[in-house]
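Structures incoming, each one as structure tokens.
Across the two complexes that follow, subunit A remains constant while its partner is subunit B and subsequently subunit C.
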Partner chain A sequence: MKTVIPVENGDTLVAVRGFLKRLLEAGVVDAVLVPMETPAGAVTPALVSDSRLLDAANPLAPVMGLNAARVVGPVSIREPRGKIAAVLRPCELRALVELVKLKQASLDDMVTIGVDCLGTYDVPVYEVMRADDGVDVAAYLASAQSGELAPQDGYAFRDACQMCEKPHVSALSSGERLGGVEAVVTLELFGADLSAGIPVTLPDELAEKLGLTDPSPGPSPARRREIIEKVIAARTQVRDARFAEMDRRLEQEGIEGVFAACVRCHNCMTVCPICYCKTCLFKSPTFDHEPLQYMNWAHRKGAYRLPADTMLFHLTRLNHIVLSCVGCGMCTSACPAELPVGRVFRTIGQQVQAVFDYVPGGNVEEPLPLITFREDEWMEVGEE
Partner chain B sequence: MESQPRIGVYVCHCGTNIAAMVDVEQVAEFAATLPHVVVARDYLYMCSDPGQTLIKQDIQEQQLTRVVVAACSPSMHEPTFRGATREGGINPYFMQMINIREQCSWVHTDREKATQKAKALVASAVAKAALLEPLEDREVGVTPGAVVIGGGVAGMIAALDVADAGFPVYLVEKSDHLGGHVADLNRVFPTLESAKELIEPLIKRVQTHPHVTVLLNSQVTGLEGYVGNFELQVTNSKSEGPNPKLSVGSIIIATGYDIFDPRRKPELGYGQYPNVITSLEMEHRLATGDLTVDGRSPQNVAFIQCVGSRDAQVGNLYCSRVCCMYTAKQSRLVRELLPQARVTVFFIDVRVFGKGGEEFYDETRAKRVRYRRGSVSEIYQRDGRVVLVGEDTLLSRPIEFEADLVVLAVGMEPRADTATLSTLFKLPRSADGFFMESHPKLRPVDTVVDGVFLAGCCQGPKDIPDTVAQAKAAASSALIPLILGTVPVESATAVVDADLCAGCGMCVDVCPFGAPALDPLWGVSRVNAVLCKGCGACAAACPSKAIQMQRFTPEQIMAQVDALME
Partner chain C sequence: MNNNAFEPKIVAFLCNWCAYTGADLAGTSRIQYPPNVRIIRVMCSGSVDPTYVLKPLLDGVDGVLIGGCHPGDCHYQSGNYKARRRIIALKQILKSAGFDDDRVWLRWISASEGGRFAETVTKMTEFLKEKGPNPMRREWAV
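Moving on to the complex of A and B:
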């Protein structure tokens, strides 16, 4: 059912909090996984069971310090657990779809609440913004209606957000996919006047339990489509320019050149929502070399770059996750050397995903290419 | 904790197979300089008794703890050198083979570079050998009994041999009767004895044998397990009841062949003209003695050989191996039944290779059957007779030949359901579409699936003597695990470190043998070591290397790669 969550006094956030509280109060779920604001203003996800504490929930805060799919996995993977609602951005929902395929998360008894994303800031940027100028939430939310998504003056959205061409959600129960990632409940920000109401699509049964029984058309689907297409067009332009630029760099410097300053901190692996190994092979004794071994390498090559095995680490991670990479860009955000990790993965991922005709995060029913055997695949390999 | 490894390296000449393209002496000299290597030798044939003795003696005299053999493919001689290593007194899995024949000497043309490559390969094997772990030989018990699929001559003979050895046999036959194609024949070459007299006692023995259970109207529709312990699902097309599951130790496939349908060569007019019949239809006519066409006795009978065989146009490049002989037989019987008739055989080549074959062919010609080397490209009807048009390939002249009766010597084709069985049993097929044996010379009844054997024409066209020979061979191979009561299973299996396993199940999905499964309680992968063939697909798919192949650990592979980069 399509309806609108009413907004009073222009306070969109309060309306969203009210909606989440009703989920708990109506007994629809046992807990809500949602970004919460600490008293000091930092934003971090929490699993909330007490509806009163949802006064601190802020899923509209334009900051992303973590792809929340990473925390949905551990809280959802095994029975017994209660019923959970998880409020997620499109890139988090897509990562969650991949984790479900990798058996690292479960959608059973899970109400996914997808929210259109207007772009996010890195944590340090958000902190400076809060301290210096304050965050203009009203202007940020107003951008949803026009589709003119722009960061606050003097700041920049996260690198991945600037080139994100999948910022929207699509309701499971709705026919209008628009290529967006699916969720059980969708908060459809694009094209809407959020100071008046928040368009939402949700299953009829759920709507009834929440007392949202008045179907309301909200903004026209055509209007929403128009705004989404506008956003996608602008983002795609940025994306393609960056792909081209990265292709050039990879061509000229090689991937070893692009990653030359890597300090092998493994941050990119730690924050990656897809990297699901319990212990990364690169943290295992396989890569503890004897001092003599380093000396042998130094002799063999004349000079041996340190720390060792950085290229092998990136190539292995690329090999392991690039087909499932949803482009959330947390790797870039987490890199202390400010290397364009996410751009490399997206540029290469785009090409590899096309080879296998695979869309990561698209649909839990679509099998991973690694486990799909096709007899007639890649017949041209080895041919002239 | 063992002290530093002591490695012996053995470089094989393989006659000139390796030595012609690789300087084996130089490779051995180089190997002697590698870390931990205490002895390095080259020898003419390392797999020969004196070659193996070198290894055994060195293990004892030089206190070797690891052995590296640079020779052919491990699929050829790994068991040989493991045996020598065991006899030398150390764990057989302390032997590492490296292939410098198929992967080096045979594929290169520059001796200097090939020698360089052989050295690098040997260095990589030495690096890995230092890290090898001992393994134990493993075996599992066998379910006594066999399933034979197909109730023709091949299947019946194989079933009887296994049953005579005292093991229960289930003979699964798709149709409602035993006997296969032979039951449809009149007389058999070269003895001209009655096919009925040949097949009926065989059927009777099968039906009354206390150890044979015949399942008619039945097909195998499911397969689980492995050599020694297979479980087959059998579906009966006539019964509604529950389908039996058969538990056996080995399986013989004897599903036979289909007969080429000459309608696929419409230019020969089969199905259009009553004068054109197949050789199988000729068998029926010879059995009844009625050769008339439209009530008239034919005066001119023509046989056309190689219909559907040796024919790129229909995709069958192979020779069906029986048509020359049965054509000689049929043409001769026609001569006897119709002494006045002219009988002509059009052939590409005459292949009568079996015992008594050439003699039979000579006798046939002596009975004035005319053999004409030529290919018939078209048959059309004229005044109630048919006209064969083609080329006499000896004289390079066109043929136009009138006949009252034309017999098409149709060949054999793989059964239409070969693909289904091939998928079910994971059996590869050769280019001709028949099931493929493990080795064309040395393992002619084995398949790549341990415990599954081939008998008869499902492996390729053959006559009755060859079929029986192969059936008896398949039966004796199938008996080996049944008699031994145990089967060896791969020692180098995949193993899971449950602490590292995230339970993603990639290993489960990529394994072709169903060896790993997710433990429902702990959510981690567990490997059924009996099912594991050691292929390593799981280890390659596992991102955290929680599942590893013994003898192919990341450390061993990294050491090999590193040595190759030297």
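Moving on to the complex of A and C:
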């Protein structure tokens, strides 16, 4: 059912908090996983069971320090645990879908609440903004209605957000898909005047439990579609320009050129929602070579790059996860050398995903390309 | 570089049940093939992680051959079907990342195909001689 969460006194955030509180108070779920604001104003996800504490919830804060799918995994993977609602951005929902397929997260007894994303800042940028100019929340939320998604003057959205062409959500229960990322409950910000109400789509039964029985279409679906298409067009243009640029770099400099300054700190892997292995080969003693081995390599090649095995690390990570890369760009955000890790993964990912006709984060039922196969495909391979 | 003097080095990952046995048969049947190949026996083509292929390539080996059972014949039912997809992905990633993908060969060789194994190594050696040495052999920054 489509309805609108009423907003009083133009305070959208209070209305969202009220909605989340009702989920707990009506016993729909036992806890809500949602970005929370600390008293000092920093934002971090938390699993909240006490509805009063949801006064600190802020899923509309334009900051992303973590792809929350990373924390939904451990919280959801095993029963018993009770019911959870998780408030997630589109790139977090997509990562969650991949983690479910990788058997690292579970959607059982889980109410996913997807929220259209208007763009996010890196934590350090957000902190400077808070300290210096303050965050203009009203302008940020107003951008949903116009689709003119722009960062605050003097600041930039995260690199991945600038090229994100999947910033919107689609309700699992609704017919009209718009190609958005699916969630059980969707807060549909695009095209809406959020100072008046928040359009939401949710299952009828849930709406009844929450007392949201006023069917209201909100802004017309055509309006929403128009705004989303506008955002997608603008973002796709940026994306394609960056793909072309990265393709050129990879061709000219090779991956060793792009990652030349990598210190192999593994931050990109640590924050990646898809890289879930507990004991990564690259953190194992496998790559602690004997001193003589380094000398042999130095003699063989004339010189040997250190830290060793850096390109091997990136190429292996590409092989292991690029088909599931959702382009959240947390890797870029986390890189101390400010390398365009996410751009590399998205550029190459797009090409490899095309080979398998696979869209990461799409359908939970669709198997991962590397665990499935058909006997009668690529029959010529191996036969020459 | 004079390519006639260049002897390519090939690392081959051969599955225990088919390709390796095929290579063994080539040996016991005294079928001639170039000495350019270093064979590593693995249990199944499906057990070859891309890292195994990448490490020698980045260190400068000229070619990597992955040998498995023909489709339908894998000792573990589906290892070779999965290997097929994994190697297709690997080759696309190599290409996208600015490397040659034709230094990596996947071939199905049965336990009775000693001749096919010898022929594959001969063809691959000739192809790599023609192609020239792997630039990674001299590329220190990799």
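Here are a few things to note about the model shown:
The rule is short, and it goes like this: the second predicted complex is superposed on the first by the 377 of 384 C-alpha atoms of A that agree within 3 Å, B and C clash if a C-alpha of one lies under 4 Å from a C-alpha of the other, contacts with A are read in each partner's own complex, and residues count from 1 in each chain.
What we mean here is this: a contact is a pair of C-beta atoms (placed from the backbone, for glycine too) under 8 Å apart; a residue touches a chain by one contact, two chains touch by 3 or more.
All figures in this text were calculated on a predicted structure; none of them were measured in a lab.
Partners subunit B and subunit C, brought together by superposition on subunit A, clash.
In the superposed model, A:284 makes contact with subunit B only, not with subunit C. In the superposed model, A:260 makes contact with subunit C only, not with subunit B. When the two structures are aligned on the shared chain, A:251 is found in touch with subunit C, with no touch to subunit B.
Once chain A of one complex is fitted onto chain A of the other, the partner contacts of A:382 are limited to subunit C, with no touch recorded for subunit B. Contact with subunit C, but none with subunit B, is seen for A:304 once the two complexes are overlaid on the shared chain. Looking at the shared chain after the overlay, A:356 reaches subunit C, while subunit B stays out of its contact range. One of subunit B and subunit C touches more residues of subunit A, and that partner is C.
In the superposition on chain A, contact of A:348 is made with subunit C only, not with subunit B.
Contacts of A:213 after superposition on the shared chain: neither subunit B nor subunit C is touched. Once the two complexes are laid over each other on the shared chain, residue contacts for A:276 go to subunit B alone; subunit C is not touched.
Aligning on the C-alpha atoms of chain A brings subunit B into conflict with subunit C at a single listed stretch, 113-121, out of 113-121, 185-193 or 365-373. Subunit A residues in contact with subunit B (one complex) as well as with subunit C (other complex) are 281, 300, 320, 370-371.
The touching residues of subunit C, counted against subunit A in their complex, run 50-51, 54-55, 58-60, 68, 70-72, 78, 80-82, 84-90, 92-99, 106-108, 137-142.
The part of subunit A that touches subunit C in the complex is made up of residues 247, 250-257, 260, 281, 297, 300-305, 309, 311-312, 315-316, 318-320, 322-323, 347-348, 351-352, 355-356, 369-371, 373-375, 377-379, 381-384.
Only residues 77-78, 102-104, 276-281, 284, 286, 300, 320, 368, 370-371 of subunit A touch subunit B when the two sit together in their complex. Contact residues on subunit B toward subunit A in their complex (touch as defined above): 499-506, 509-510, 518, 523, 541, 543-546, 554-555, 558, 565-566.
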